[in-house]
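Read through the structures below before going on.
Both complexes shown next keep subunit A, but they swap its partner, so subunit B is in the first and subunit C is in the second.
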Partner chain A sequence: MTRLLGTADDRLPLARVDGRLIETIHQAGLVGRGGAGFSTAIKWRAVAERSRRNAVIVVNGAEGEPRSQKDRLLMATRPHLILDGAFIAARVLKARRIVLYIGEAHESARQAMLRALGQRDEPERGLVSFAAAPARYVAGAEMAAIHFLNEGIATPTTTAPYPFERGVDGAPTLVQNVETLARVALIARGTPADTALLTLAGAVRQPGVVEVPFGTTLGEAVRLGGGATEAPRGVLVGGYFGSWMEPGEAWPAALGQLRLGCGVIGVLPASRCPVCETAGIMRYLASESSAQCGPCFFGLRALADASSHIAERGSSADDLRRLQRWATDVRGRGACKHPDGAVMFLASALTVFANEFAQHEAHDAREVRRSA
Partner chain B sequence: MSKSVMLTIDRIKCDGRGLCAELLPELIRLDDWGYPIIASGTVPDHLLPLAQRAVDDCPVLALALRRAERKQ
Partner chain C sequence: MSDSLLWYTTRGAGAVTLILLSAVVVLGILSTLRVQSQSWPRFLTTGLHRNLALMTLVFLALHIFTAVVDPFTNLGWGAALIPFTSYYRTFWLGLGVISFELLLAIVATSLIRGFLGHRAWRAIHWLTYAAWPVGVLHGAGTGTDTWSAWMLAITAGCVAAVGVAIVLRLTGGSTDPLATPRTTFRAAVDRREPQ
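Right, the complex of A and B next:
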């Protein structure tokens, strides 16, 4: 069943929509597909209550998650559907401005959106402007997008105020992932939002984007990508802010029961060392801290160092204790969720790969650095 | 209805000077890098004056007392 991919990017006359659509979105159970998984209806309601015909819609196509491909693919293949979602949001929320916030590296996606916009009519077309999201992990976070559009700096800011209170230009602002907006357009046409876009990565025969119904199991989804190339040791569900699972638990799990985050499913083969892989991802997440909050900047760096020590020099009880303690200490102590995502990812690694972390032997440093 | 307030911190402003943990060790400890970890929950009445002093003395005005959000 495909709803988003493999079908023509048809342009239907915009559905007649009003505030009642929010209830329909609520009934459909739609949650954000950018990563946080927050209820779309609640987000819309908050903006609708405050908009004095001045709301701003930020169409979030930053897609800074390293392995994720689905947002750029959707922008490249269904630009009209995404625009429909944005225009519907603008009508329902009485917005005066739409910003297409697209990752600066996603050139073909930007071109496709630009082309589609050129085929649209006024007054809708006149609402829209483009902005290039910097290629940083945190640039796709709501507050970072707003900070960038207001001041040219793509780092998160302290909440409150929240985007729905004071966002772009100080106006109530909806920041919504491109896939989520495409789902809204489908819901407005009467099509259920019962599929998910996943990016299959790692030890999969055909890595890339697949669309699957929520009832699908992870195992079936990975089989759509030709299956694993070899026996897997772990499955990372939800990208770098996600959680590791044992393959035996992951394969029978239905997508609807999982926190899919941005939809990246990473398969780690048994031939790769999970400790080295985890350490590599922790170093990446530490380097992507926007360095504004001490617990995130120093904490993630310390966690990356401690996991790299284990990877490079072998297990030590001290390093393991530090990892556990710091992972607990850092959580919830940043202006944004970057440190939380990183320590939740690490905590899942320490659980699923507990034996490997406890019995790791020193690996060649070059081998360690190569991973991830 | 009693005044239920909690300590909040602006993590971007906070510089890890550590004064708050000196003034209010009952509720605030420092992590390994010198940044405050605040005990969860509301501030007990008998600690309110000390909490207010920690707020007033924060050199970068990162610490604040806010009315606790009531979940219904």
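Right, the complex of A and C next:
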């Protein structure tokens, strides 16, 4: 097992790499760790095919997911490994520019990356520039990063054109999460990248980042964080764009079989109300809509309203019917994927917490707000 | 008998195409104006717009097919597909071909909008404002029934409906209900240097 965390961030000579690395990445089965879980090799191939020595690599350390910590921790502790991944990407994809897109609130992460870059040699150092990602949920989305670097506004735009077709400055662009790039650097060194970084959140004794092999079960991973503080009612796998799972189903599942998304594992204790928790997160996701299209702005607001109605006034057949119907109506109709992520989250809540949603009694409105 | 059947079909399908296309244009404009009421939700406007547009193509195909295979016209497929190559009413028929091909491009790009991107799709969709008048001119110029009272009424009705819709569109201003929240959100994630 090759660990990302707890290992010295030594600066090793860059592995000699060429286009064949993409095949190695493919065989390693590496997928993006920013949330979407898309195949890294496919993404690289698309950029490689179009790059005329003009590609741009965007190192995505925006980490706007509220409970996630792993990207800023990795940037703070393994900046050289991330830079290695970025320089390798630049060589393989024949890039002329690398942008470190780091969340504006992640100060120590940015400092560490700056320091590591200062220890690098020309000409590689000259490829790199910094950009501070606005601290909003959508700012970490691939298209938002490109829009920001082109025009200074971090709202997602519609695809197409895709980043590999026309990204930063109109050039073929790779936007890749920092953890994914660190994995690439390990793969290029010939070491397997068989662990995942998770952020444990909620009712866990020691919330925070853990690193675990893919063969580990979710239950074992949570035990690394001291275990749950009390009997859990649900486990949110993959952050706010992830899915709720029954604890009994989640604990024995191996990480490799789950859609880990951005790696946030949220443990909801039995003492907290799942309906109020879901309503709070839906309100948050609705408030993070960039108001570019109706399905997102009005759709998510309507879904947040209907879930808060159930949370505050108690369950009603009408609200439940609306939730079910609108959740299906909104899907696939947004200008970007923000509404899709939100309704997938909601759909899992309506399944896992079906009983609670059907039998919910009126709660104090304060609790709904507090859980958000 | 079958020859005159083809000829009547050509003329009938042409008239139906004009009515349908005008309805599609009006519905398209109404959807940008976000027209709605209790009994007419907005998805009805866009749904009708799309379905009638597809139906328009069906009647247009019928119009062209029957005109070409009619042994009396002897047009040939070339004249139906390449503008201004028809020996028969070269100019007026050419307008019809242009209008048809523009509509084909508009429908085809709408069907693959997801691959094309919004901006390119919209740019091509604007060609409707060329396709529709060119089609109307084609009908008025070469239509066998142009000066019969019923066809005059249809043409006048279509022109009036689209005309009114365009005037509403030009004078309506922005009714975008997202304008304010969008500006607010963009301001929050805008890091451009102040000019």
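The rule is simple: the second predicted complex is superposed on the first by the 370 of 372 C-alpha atoms of A that agree within 3 Å, B and C clash if a C-alpha of one lies under 4 Å from a C-alpha of the other, contacts with A are read in each partner's own complex, and residues count from 1 in each chain.
Rule of thumb we're sticking to: a residue touches a chain if its C-beta (ideal position, glycine included) is under 8 Å from a C-beta of that chain, and two chains touch if they have at least 3 such contacts.
Note that the coordinates shown come from a computational prediction; the quantities given were computed from them, not determined experimentally.
Superimposing the complexes on subunit A yields a three-chain arrangement in which subunit B and subunit C clash.
In the superposition on chain A, A:289 contacts subunit C only, with no contact to subunit B.
Of the two partner chains placed by the overlay, only subunit B lies in contact with A:299; subunit C stays clear of it. In the overlay built on the shared chain, the residue A:334 is in contact with subunit B alone; subunit C does not reach it. By the touch criterion defined above, A:48 reaches neither subunit B nor subunit C.
Judged by the touch definition given at the top, the superposed model places A:105 against neither subunit B nor subunit C. Applying the stated contact rule after C-alpha superposition, one finds that A:326 touches subunit B and leaves subunit C untouched. In the superposition on chain A, contact is made by A:161 with subunit C only, not with subunit B.
Looking at the shared chain after the overlay, A:347 reaches neither subunit B nor subunit C. When subunit A is checked against subunit B and against subunit C, the one touching more of its residues turns out to be C.
After overlaying the two complexes on the shared chain, residue contacts for A:134 are found with subunit C alone; subunit B is out of touch.
Only one of the subunit C stretches 41-49, 59-67 or 149-157 carries C-alpha atoms that clash with subunit B in the superposed arrangement, namely 41-49.
Shared contact residues on subunit A (touching subunit B in one structure, subunit C in the other): 158, 292-294, 335. Interface residues of subunit B, counted against subunit A in their complex, comprise 10-16, 31-35, 37. Contact residues of subunit A toward subunit C in the complex are 132, 134, 136, 138-139, 144, 148, 151-155, 158-161, 289-294, 297, 335. The residues of subunit C lying in touch with subunit A in their complex are 114-118, 177-178, 181-182, 184-186, 188-193.
Within the complex formed with subunit B, the residues of subunit A that make contact are 157-158, 292-296, 298-299, 302, 326, 329-330, 333-335.
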